[in-house]
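Report on one structure; see the data block that follows.
Labels run A, B and C following the written order; every chain starts at residue 1.
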Amino acid sequence: MADPDDDLVRAVEATLFASDMPLTPAEIALHLGGAAVHDAIEQLAAHYAGRGVHLVERGGRWHFQTAPDLAHLLRREREEPRRLSRAAIEALAIIAYHEPVSRAEIEAIRGVQTARGTLDVLMEAGWVHIAGRRESPGRPTIYATTPAFLAHFGLASRRDLPGIDELRAAGLLDPVDSAYAALAGVMPGPESDE
Amino acid sequence: MTNTGAPPDPLATADPLATADPFATAEDADWLPLAAAHDDDDALYLELDGWEGPLDLLLDLARRQKVDLRRISILDLVDQYLGYINHARALRLELAADYLVMAAWLAYLKSLMLLPRDPEMQPGPEELALRLQLRLQRLGAMREAASRLMARDRLGRDVFARGAPEGITIARHSRWTAGLFDLIQAYGAIKARNAPVVHVVRERPVITLEFALERVARLLGVARDWVDLRMLLPRFEAGADPRLTRSALASSFAAALELAKQGRAEIAQDDVFAPLRLRAAQANG
Amino acid sequence: MADPDDDLVRAVEATLFASDMPLTPAEIALHLGGAAVHDAIEQLAAHYAGRGVHLVERGGRWHFQTAPDLAHLLRREREEPRRLSRAAIEALAIIAYHEPVSRAEIEAIRGVQTARGTLDVLMEAGWVHIAGRRESPGRPTIYATTPAFLAHFGLASRRDLPGIDELRAAGLLDPVDSAYAALAGVMPGPESDE
């Protein structure tokens, strides 16, 4: 316990336990007078790996959460008052797998117009934010996911999105135009035929 | 905007219905109340079991072929779709327009696929069919991804953050600063403010109207000659407050007006901004 | 980890972690289908004893809290220089010249009410302390300056404060009106000419 390394581990542990939001290593270090906290975080994550509480990384931020296998014991009895609609769930998935993506691109995939409120609901939940505008005609607003999205769905980063590598390899994240062009062996865009 | 299922030009003349975008039509709801989607007979969902538009219905029908989406038969799919729509019509279900638009477009696609190929036509029926297939694959992929995402251990539902975190705060600690001069100056100000109140009404740097009236009347006396008003102003030593001079001019002017009004003086001015001249009232003159 | 005892410990750990209030053993047991949780709690408390977070009992209820020796980490101090308000510096001056004084006396001298926070600020700064109570009706609290006050203002003792005569000589006792007039450069009145 007198080991200074242990002291740092304890300090990082206490800081992460006490924080009411996930912290980046830089934020932890700032709190601890600029100490190098990387090793301490690794040590803690390893220590908690088998316990009832895990230390996890979500989008570069660390927080403690209960072990997933205990979900059946802890799941809250009361029903969620509101549930995401299918439209919102699909829009969220499309944003996550394609980000950054415009509303028109979401609609092109879903084949239906997206009600104005749908994206608002996702932004209100804190999972999606406006990521700027695309430098294309009309300069449409583009959307991307937030660190809170990663935290909520238990993803260390977007690379952990289920099946994203397979989808990308199969070309299913490419627009229909370029997928068609690839299949038909032609350049995308209008063909200049006679 | 990137709707690649748009019909080719010939289609536009062949069937005006099909010029409408067969995709991107119906709007969708946002938050579903728990299990309420089926209870309210929303005309938009028209007992079509809650499909979100024709592409969604097509995807569901395609899945019933129980083959990989890359291997579905578009002709069979078209037949299934048209069959479904006809069935719904037979049941007198109210169909949203976009389902009918899609039906018309698919019927046209089917006719293209069955008729002898017209080499002039761009894009050809194969391309239209392939593009439809690609769209179905993409929608299917995202729908599956969405359900896998939703099935993950979600924070607040399956895994939980600490229930009562102490919270970490950055306490701003004020280091108060004040100098000795601030201190004694403050004390001096209090003392001055509350010193035994001896009210000395200080003379303000103004010439009162009463003063000017008395002075102008006295200096004017019974002068028969015109006198420039400025000659009647009190003289101040060099460096005197200029406000005093202005005040003297203003009140002397007001005094002159008052004297004129009383009939004790006459005022003349030859031009705008010219010197103002004054003389005692001429008896009945 | 396959040990059922361990599973119980993990479940108790997660339950206590996720709870937003301290829990009695009976409440924990209720959460976990009536299991006997006493031993598991003991085990957890022992496990956490040397760590950055402790499992502690308060009035029969258990909860996690930061190790006492690390509690200082939860508040990171940041010092910001701030100037005293005019009210505060006047109150301080009155205390310095008249100590010990009561709040009512300060107000009588200042001629305005003194907000409660004003004296708090002076005490927080360490320049003023409560010097007891006056043996007069109402036994009001009386205030005096501290050695830190002398140190901050570079005074060897209160006798170093300039006296009334010195203040007057420095022009600091001039009534506000004449001080203003002097600044504005106004001549004292029109001369009475011929």
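Everything below uses one rule, namely that a residue touches a chain if its C-beta (ideal position, glycine included) is under 8 Å from a C-beta of that chain, and two chains touch if they have at least 3 such contacts.
None of the values given here were measured: they were computed from a predicted structure.
In this assembly, C is the chain whose CA centroid lies farthest from the centroid of chain A. Here B is the chain whose Cα centre lies closest to the centre of all protein Cα atoms. As a whole-number value, the distance joining the C-alpha centres of chain A and chain C reads 42 Å. Note: centroid distance chain A to chain B, computed from Cα atoms, is 30 Å. Contact with two or more other chains is made by residues 15, 17-18, 31, 64, 66-67, 74 of chain A. Under the contact definition stated at the top, the residues of chain B that touch 2 or more other chains are 160-162, 166-168. Residue ranges on chain C touching chain A, taken from their complex, read 1, 9-15, 17-18, 31-32, 50-53, 64, 66-67, 70, 73-74, 76. The touching residues of chain C, when paired with chain B in their complex, are 14, 17-21, 63-66, 73-84, 86, 89-90, 92-94, 96-97, 109-111, 121, 124-125, 127, 152-155, 161-162, 164, 167, 170, 172-179, 181, 185-191, 193. Considering their complex, residues 160-164, 166-180, 182-195, 202-205, 207, 234-237, 240-241, 243-244, 248 of chain B touch chain C.
Residue ranges of chain B in contact with chain A, taken from their complex: 1-4, 23-34, 50, 52-56, 122, 127, 130-131, 134-135, 137-139, 141-146, 148-150, 152-162, 165-168.
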